[in-house]
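Shared between the two complexes below is chain A, which pairs with chain B and chain C, respectively.
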Partner chain A sequence: MALKELSSLEKCLGLKKPNKYSTQGEKKVPVLQNNQGSALVGLVTIASHLVCEAQRTELLGDSAEQRAVVQQWLEYRVTRLDGCSKDEVKVILKELNQYLEDKVYMAGNCFTLADALMYYGIHHIVMELAVEEKERYLNVTRWFDHIQHYPGVRHHLPPVVVLRNRVYPSSQH
Partner chain B sequence: MGFGDLKTPAGLKVLNDFLADKSYIEGYVPSQADIVVFDALSGAPSADLCHALRWYNHIKSYQKEKASLPGVKKPLGQYGPAGMEDTTVGVPAVKDEEEDDDIDLFGSDEEEEDEETKRIKEERLAAYNAKKSKKPALIAKSSILLDVKPWDDETDMTKLEQCVRSIQMDGLVWGQSKLVPVGYGIKKLQIACVVEDDKVGTDQLEELITAFEDYVQSMDVAAFNKI
Partner chain C sequence: MKLFVSEGNPHCVKVLVVLELTGVKCDVQLVNHEDKVVPFLNRPVLPVLLLPSGQHLFSPNAICQYLFEVGGKEASNSSSQFLEWEATELQPVLIQALHMVALQGKTHDAGLVLKGSLSWLEQCLSKRRTQFLTAETVTVADIVLWAAFYPILADPGFSADLGELQLVRDWFERVGLIPACVRASQKVLQGKGLESLKNFLKKQPTPHTQRKDSQPSTN
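Showing the complex of A and B:
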């Protein structure tokens, strides 16, 4: 899962030469072997490295504040999102929905690595949501639909249909 | 199309509802469409219109690149949810429309037809056509395997299958079926179907199938896969 994600990320960043990854441990943590012999371990570490390699450091955030927010969500992805249980999914969706109420992107006003990795991580959850739940977490759905249409992001993942005409009366305002 | 008068709370509410599931007025990137609507607002929307406020703050951050955003500026009435009355400046007041209605009731002459009503009609047609052309979008489908159980081993399974297949719904396509023995000579009918998620739900199917009380004892969903 993480390996496909990393290769999609490479394509998204426009890196020409795909890297060879391996995994370690039972949690299948991705590992990238460096030419110098040292290895980079961990999804976030490797993703950040790829961003620097592609010279798209703006994807990690422009200002110090934005960089901090990006890091926060990258960490969220690995610690909270990956391997979460069914009950935690509801909590996560509720948190995200609240957070995204007044934001178009995860961090700041432009697309960052945080958006990409959160998108990859949450895709399997959103795909399984019923229409009613997609309406309940409307902000998450809106952000998700926005990111999946962003050029270059959605490679190996099937697009998720978002119902445009609201079926259920708005319960939020 | 159009949001109504954006300087009134009603118009702002339409904008807010429209933006609840969209990041931008048109498409997935900021464009001239957003600038047109942005300029039409007299100020930031209030905090209870959270989606409009979110969009407003976001577009405000693009102020420097206003001119370089993609797209072509169209009149304000072209944006927004389809089916809305276009009440931007230039549309006749309500009195005129009432007069129009009277004339229509008694059979209007061709020359009497107000130019505005013609324009509104054309706009609505364009919106309808645009919606239709967008139709071949992805339709979420699922493949469902249903288990239909009869009352006893003497129930006519072919009749049961006929009853189930007679259920016709928009978005429902019946597939293969087979009889699976359950024990004591009783066989259950396993039948597959492909449904469009938006149109058909398993509860509906269950109601319709269990309505055949003479043959069907109960129904279960054996498998449900998204396609």
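Showing the complex of A and C:
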């Protein structure tokens, strides 16, 4: 899972030479052996390293504040979203839905690594949502649809159909 | 900028140490564990840093990194790796161990739960050639790991279990001597050690005791 994601990220970043990864532990934490002989361990650490390698550091945020917000959502992805229980999924969708209410991207006004990794991590969840649920978490769905159409992001994942017109009457408005 | 902290919450130790070390100007407000500071999060989470833009930072490690950066110190690959390990691997077992020691009095079991993480850290320390985890001076990685381990490693009942882990013990003492660490731990835990964590721990979701975490090798 994490490895496919890293390879999609490499393509998204325009890195020509694919890296070889291994995993360690029960949770299959990705490991990147780099040429200095020391290994980089962990999805967030490796993904941030790839961004730097591709000289696209703006994807980590272009100010200290934005960098912190990107970091926070990257951490949320690996600590909360990954391996969460069914009950927890609803909580996460609710939180993200509220957070994204007035936002186009996860951090600031442009696409960052937080959008890419959150999209990769939540794809299997959004894919399973019924139309009604997609409408309940409207802001998540809107953000998701935006990111899946963002140039070069989707790669290994199938597109998820998002209806642009509401089918069910909303109780939230 | 405003930092919200609560007493008896070990994550607040991290951010208060970093705030003092970096000298970043920021108001600190003491609130209750139950206070919901971040509007979009389902349950109360602390510490929280309210940024000048009005955004909330609710990840203690992201807050620490931010303060270090604003204070003029940039994070390296190796420190970000320690932070990721702390959040994904250490925290789940640590919260379990804290539950065991502070609420159930099972000091021995807590030692077993933490054994893998402590030996992993011992291995990391044996490979480095610097005073601290990633450099000759203290970095964000040292503070985050030190503060995470602090309530349990500083507990007199637990210290016996450190046994062979001499490097961890030395490193832990070295970081603990920093005045900012002394003051922040005193402020949050009020010199009452694990006792002061009880209220915080009761508010946390029950840790999954059935889950076994395999520890990564350091290769």
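The rule we apply is simple: the second predicted complex is superposed on the first by the 173 of 173 C-alpha atoms of A that agree within 3 Å, B and C clash if a C-alpha of one lies under 4 Å from a C-alpha of the other, contacts with A are read in each partner's own complex, and residues count from 1 in each chain.
Following the convention adopted for this analysis, contacts are C-beta pairs under 8 Å (C-beta built on N, C-alpha and C of every residue); 3 or more make two chains touch, one makes a residue touch a chain.
Please read these numbers as outputs of a predicted model, since none were measured by experiment.
Q: For A:V44, select first, second, both or neither according to whether it touches chain B, chain C, the two together, or no partner.
A: second
Q: Just chain B (first), just chain C (second), both, or neither: which does A:V162 touch?
A: Touch status of A:V162: first partner only.
Q: Check the contacts made with chain A and report whether chain B or chain C touches more of its residues.
A: C
Q: Which partner chains sit in contact with A:T141 here, chain B, chain C, both or neither? Use first/second/both/neither.
A: A:T141: touches chain B, not chain C.
Q: Which of the two partners, first being chain B and second being chain C, lies in contact with A:H149: first, second, both, or neither?
A: A:H149: touches chain B, not chain C.
Q: Is A:E65 touching the first partner chain B, the second partner chain C, both, or neither of them?
A: second
Q: Let me test your reading of the model: by the given contact rule, A:Y120 touches which partner, first (chain B), second (chain C), both or neither?
A: Neither chain B nor chain C is touched by A:Y120.
Q: Looking at the overlay, does A:Q98 come into contact with chain B only (first), chain C only (second), both, or neither?
A: second
Q: Need the overlap of the two footprints on chain A, from chain B and from chain C, as residue ranges.
A: 101
Q: Quick one: in the complex, what on chain B touches chain A?
A: Interface residues on chain B, with respect to chain A: 16-17, 20-23, 28, 48-50, 53-55, 57-58, 61-62, 137-140, 197-198, 226.
Q: Which residues, counting only chain A, touch chain C once they are in their complex?
A: Contact set of chain A toward chain C: 24-27, 29, 39-45, 48-49, 64-65, 67-69, 71-72, 75-76, 78-79, 91, 94-95, 98-99, 101.
Q: Within their complex, state which residues of chain C touch chain A.
A: Within the complex, chain C touches chain A at residues 39-42, 51-53, 55, 57-59, 61-63, 65-66, 69-70, 77, 80-81, 84-85, 87-89, 91, 212-217, 219.
Q: What does chain A use to touch chain B in their complex?
A: Checking each residue of chain A against chain B gives 101-104, 109, 127-128, 131, 138, 141-143, 145-146, 149-150, 159, 161-164, 166, 170, 173.
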